[in-house]
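Written out below as structure tokens is the structure these notes cover.
In this document, chain identifiers A, B, C and D correspond to the written order of the chains, with residue numbering beginning at 1 in each.
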Amino acid sequence: MNFSEIINEIYSEVKCGETDGHVASYIPELLNVNPDKFGIALLTVDGNEFCCGDAEEKFSIQSISKVFALSIAFSLLGEKIWERMGVEPSGTSFNSIMQLEYEKGKPRNPFINAGALVVADILVSNLKNPKEEFLEFVKEISGNISISFNHKIAQSEKEFGFRNAALINMMKSYGNIKNDIELILDFYFFLCSIEMTCKELAQSFLPYANLSKPFNYKNFPLTKSQIKRINALMISCGFYDESGEFAFKVGLPGKSGVGGGIVAIHPNIYSVAVWSPRINSKGNSVFGMKTLEMLTTKTEISIF
Amino acid sequence: MNFSEIINEIYSEVKCGETDGHVASYIPELLNVNPDKFGIALLTVDGNEFCCGDAEEKFSIQSISKVFALSIAFSLLGEKIWERMGVEPSGTSFNSIMQLEYEKGKPRNPFINAGALVVADILVSNLKNPKEEFLEFVKEISGNISISFNHKIAQSEKEFGFRNAALINMMKSYGNIKNDIELILDFYFFLCSIEMTCKELAQSFLPYANLSKPFNYKNFPLTKSQIKRINALMISCGFYDESGEFAFKVGLPGKSGVGGGIVAIHPNIYSVAVWSPRINSKGNSVFGMKTLEMLTTKTEISIF
Amino acid sequence: MNFSEIINEIYSEVKCGETDGHVASYIPELLNVNPDKFGIALLTVDGNEFCCGDAEEKFSIQSISKVFALSIAFSLLGEKIWERMGVEPSGTSFNSIMQLEYEKGKPRNPFINAGALVVADILVSNLKNPKEEFLEFVKEISGNISISFNHKIAQSEKEFGFRNAALINMMKSYGNIKNDIELILDFYFFLCSIEMTCKELAQSFLPYANLSKPFNYKNFPLTKSQIKRINALMISCGFYDESGEFAFKVGLPGKSGVGGGIVAIHPNIYSVAVWSPRINSKGNSVFGMKTLEMLTTKTEISIF
Amino acid sequence: MNFSEIINEIYSEVKCGETDGHVASYIPELLNVNPDKFGIALLTVDGNEFCCGDAEEKFSIQSISKVFALSIAFSLLGEKIWERMGVEPSGTSFNSIMQLEYEKGKPRNPFINAGALVVADILVSNLKNPKEEFLEFVKEISGNISISFNHKIAQSEKEFGFRNAALINMMKSYGNIKNDIELILDFYFFLCSIEMTCKELAQSFLPYANLSKPFNYKNFPLTKSQIKRINALMISCGFYDESGEFAFKVGLPGKSGVGGGIVAIHPNIYSVAVWSPRINSKGNSVFGMKTLEMLTTKTEISIF
């Protein structure tokens, strides 16, 4: 397969196509991003690399870091982690908080905000210096020591994070949050504010695709079976209320963030990261979705 | 890989393990099935066949026939079919009817009952003799002309099918049902009452795994991309409120029925059918889930 | 108090005020009513009568007949009736069917459709000739033997009654409906199609206001305490999702119908019926609500 | 009517009857109250007073103070207050937070916690010294300058108030909370911790019954029509998910608190306060409900 050609073709087609969606506007730092940014990076498990457009520009990976947080927590607790959250998709977002109430404070999966807050609580309980250790993990898995977070974004998220505060208080009322709420929210918003380039992101997800290589970064090892399970979770729950749509049209495990980033992997073949800040009403990058749909169509390989 | 050995090993282990769950009890015909029945059939795309236990005994495939119904409807309408239903998982079952109300009569996917009723409505609109043509399709895809349905079960389902009647009336009130309600319910309960053996079931699903062979049975052709999408839907929505769990633990597209049958496929490798009538509270066969989890664990291959 | 003057004053003011709302459109028979019709009839327990406008023209009383149906059922079963439905308001209508599911087929009160269907089921179980006996009761309580129902409206309601069919099937699935569904729906739609004038309606509700007179029509007696409870239910649940609003602004027990009729009572003082076909988005007559709000404001008497 | 005799009779009957329910246990301060406490105080608008049992012992009035808070806010803002909350009952409590989400942060009424938090927000916005002024109002309306609050209870409520924190954060995310969350919660928990005796409570609610006397305490005047509306709200929404039950069985406007207090009024006749700490699953005093049901039965007067 000629990935280089396919990637370039897709990049041109998508870029020249209709724009749609809007840059995330709930905090000023995201709103000020240039909406026309567009980058693609694809890395194969056999060591090739294909980049296009703004693939080397930093952006806020937002919810994509939930995969890293889950990986560390899963490594620390093993299967016990599922006592505190489920592995099921959440259905329409409109009733997310009701489901939390109905299921007595146990979030449906680790990729909705409620679940990621529980993961953050687990990390705060189990790591000495949560922020430092998390950053170390990300630096090691991405092979890039320059990875850092954006303090302003973390701060802004916190200032406008009333909905997350509602979720965490609800879970605390059911006993599913162990630490101080402010502490977890602070850590959680830090997680959301990590910045990476497409290339770094694709690099960081290569270990989820490359099942032949042991997974162990900063002493957080995962078995092959555990990685497969994280991949399964990405396909079931990685795109909020559009997870089915992504599985249906793209057919790869992946994770999106409201910053406009999407990362996806094809087990044993490649990892790919796309960034374009305009997101649809479900919170997923419009160009990102289009790019990945074209990728599996043109390469004619998906996991199905 | 030695499928024969693995299948036999799993069969013994599961059979000797703890029993759990209960035979479906909402209609007498299902309740009277011997709960200890247990069969496995695995067929590879390269033509091998591995059977164990009661793999050649007929049972009620129930919701598994929703995949056949969708295949025909998808062949007939193409992408237009998604104007009438979604491709997203449904979240907890407790609010399924509310989501139907919230989303104005458009069911979340073709594998929940509401969605399958819309599929039935589509078939009733587009086929001259829906029951006959459906049966012909199933006979051809399974390569077995003896496939038939159980009239008593269809009748019983109808007598106790008030919940399905509630769903279809709700959708009709939103204009998403075109034909007479009684007519569709009759056809729907017919679909649920098809009987097959594990071997026949595995045979019928081989075309969903074998992407190198054209899919065209009784003049209902599907493209490779369409089959992949049906497979994606199976992984997102095939197991009711346990779809995430199945993706997580088994990692294969599949579909279950309350009769205790489960079918799953590994694209390009195999299709597998298991039958054991005891189901858990989510409606999925306990032994079936266990069998398939062990299968991907022992073979060390899943799609992730 | 000079009711005559007050009623005339209100009539003029409301009639000349802004029109708002729309005639119910879900069946053609209701849609074809002249939207400008407007009548008021107030009857005092001490025997006076005040009428205005179209007070002697027949209209479809619709849900108002739920009070009569409940009265008969309450007379027949006594407190046992509350095993089959509650006495609580239903909250927003958007989740009515979900609450039915959550509360296992037991409707929240006898004035939402689900509850009225259970009441209809009770009457079908306990009366020899439900329609005839119901009509006899209404004729006797209204003191008017000419009361009848509109066959066309009953028929139309049935043809478009998919939502009611959804509700009753749901309740049947939980065992809270004893008779054949078609039979109850037929009786229920008959109840909705009773026609009366404002004057007849006010006359029929005088017994709910006049607590000093024994309540016993066609051998369906109610105690004073039972009548008070029906009145309490009217104030809690008589106006769908606007019951609180009506209690708040009007301060009287009452019941509305989508035909544009509203009836209300002031215990020991009067009963009043208003008819104006334009209804608001909650299903209550716009002029009717305004008229009754002005009535308690101008008379300075409400139950609070 | 001989209130003295009736009250004594009820007191004896209820006290000797079956005990049921449990003392509120979510904070230690409430749990430690003697569950056998039982007091009744009834004050007539014409100046008589009837007390029984522990009528002069202080207890935590909890949610009953929501009526005082609403009165002040209503006096300050007039009808504009209803732009920020509704006047409708909330349906089953299980979906309260969902309704808040569905209705974009606007609580259904001022007596559910979400609504009372908005009222608290209004008072914090409009009063210079919210706590002092509130206490002054309560002292004046109860005619008792010794009224105070329990600091320990306020503190405890705060420590365990995660659910209220969830509600207020949710509303803040929709812009329906103007002040700092901590500030409002602090004031809200102060409101909940006011302590009174039955006699003081009955005295404080006499102004809601005595419509012939101008209502104006500490410069917070309300018109007769506004008081009637508060009374209407008490009957629709005063008893959480049992408001319909209370209207149905008791037939008076009233308000309950989880401390076991219930207050009710009969417009133009009397106000009555009961205290017994054992509450039912809906949060209402078991003896309190029984006492008031017997009161309207034995006196044969209710508002219906």
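Here is the rule we use: a residue touches a chain if its C-beta (ideal position, glycine included) is under 8 Å from a C-beta of that chain, and two chains touch if they have at least 3 such contacts.
Bear in mind the structure is a predicted one, so any value in this text is a computation, not a measurement.
Trainee: Measuring between mean CA coordinates, which chain is farthest from chain A?
Mentor: Of all the other chains, the one whose centre lies farthest from chain A is C.
Trainee: Based only on mean CA positions, could you tell me how far chain B sits from chain D in angstrom?
Mentor: The computed centroid separation for chain B versus chain D comes out at 55 Å.
Trainee: Between chain A and chain D, what's the gap in Å when you average each chain's C-alpha atoms?
Mentor: Averaging C-alpha atoms per chain gives centres 47 Å apart.
Trainee: Whole-Å distance, chain A centre to chain B centre, using C-alpha means?
Mentor: Chain A and chain B have C-alpha centres separated by 32 Å.
Trainee: Which chain B residues reach two or more other chains?
Mentor: Where chain B meets two or more other chains at a single residue, that happens at 94-95, 98, 102.
Trainee: Chain adjacency by touch: line, ring, star, complete or other shape?
Mentor: Shape of the chain contacts: a ring, since each chain touches exactly two and the loop closes.
Trainee: Can you name every pair of chains that touch?
Mentor: A-B, A-D, B-C, C-D
Trainee: Within the complex, which stretch of chain A touches chain D?
Mentor: My answer: residues 94-95, 97-98, 101-102, 162-163, 165-167, 169-170, 172-173, 181.
Trainee: State the interface residues of chain C toward chain D in the complex, per the touch definition above.
Mentor: Within the complex, chain C contacts chain D at residues 86-92, 94-95, 98-99, 102-103, 108-109, 224-225, 227-229, 231-233, 235-237, 241-245, 247-249, 251, 253, 267, 297, 300, 302-304.
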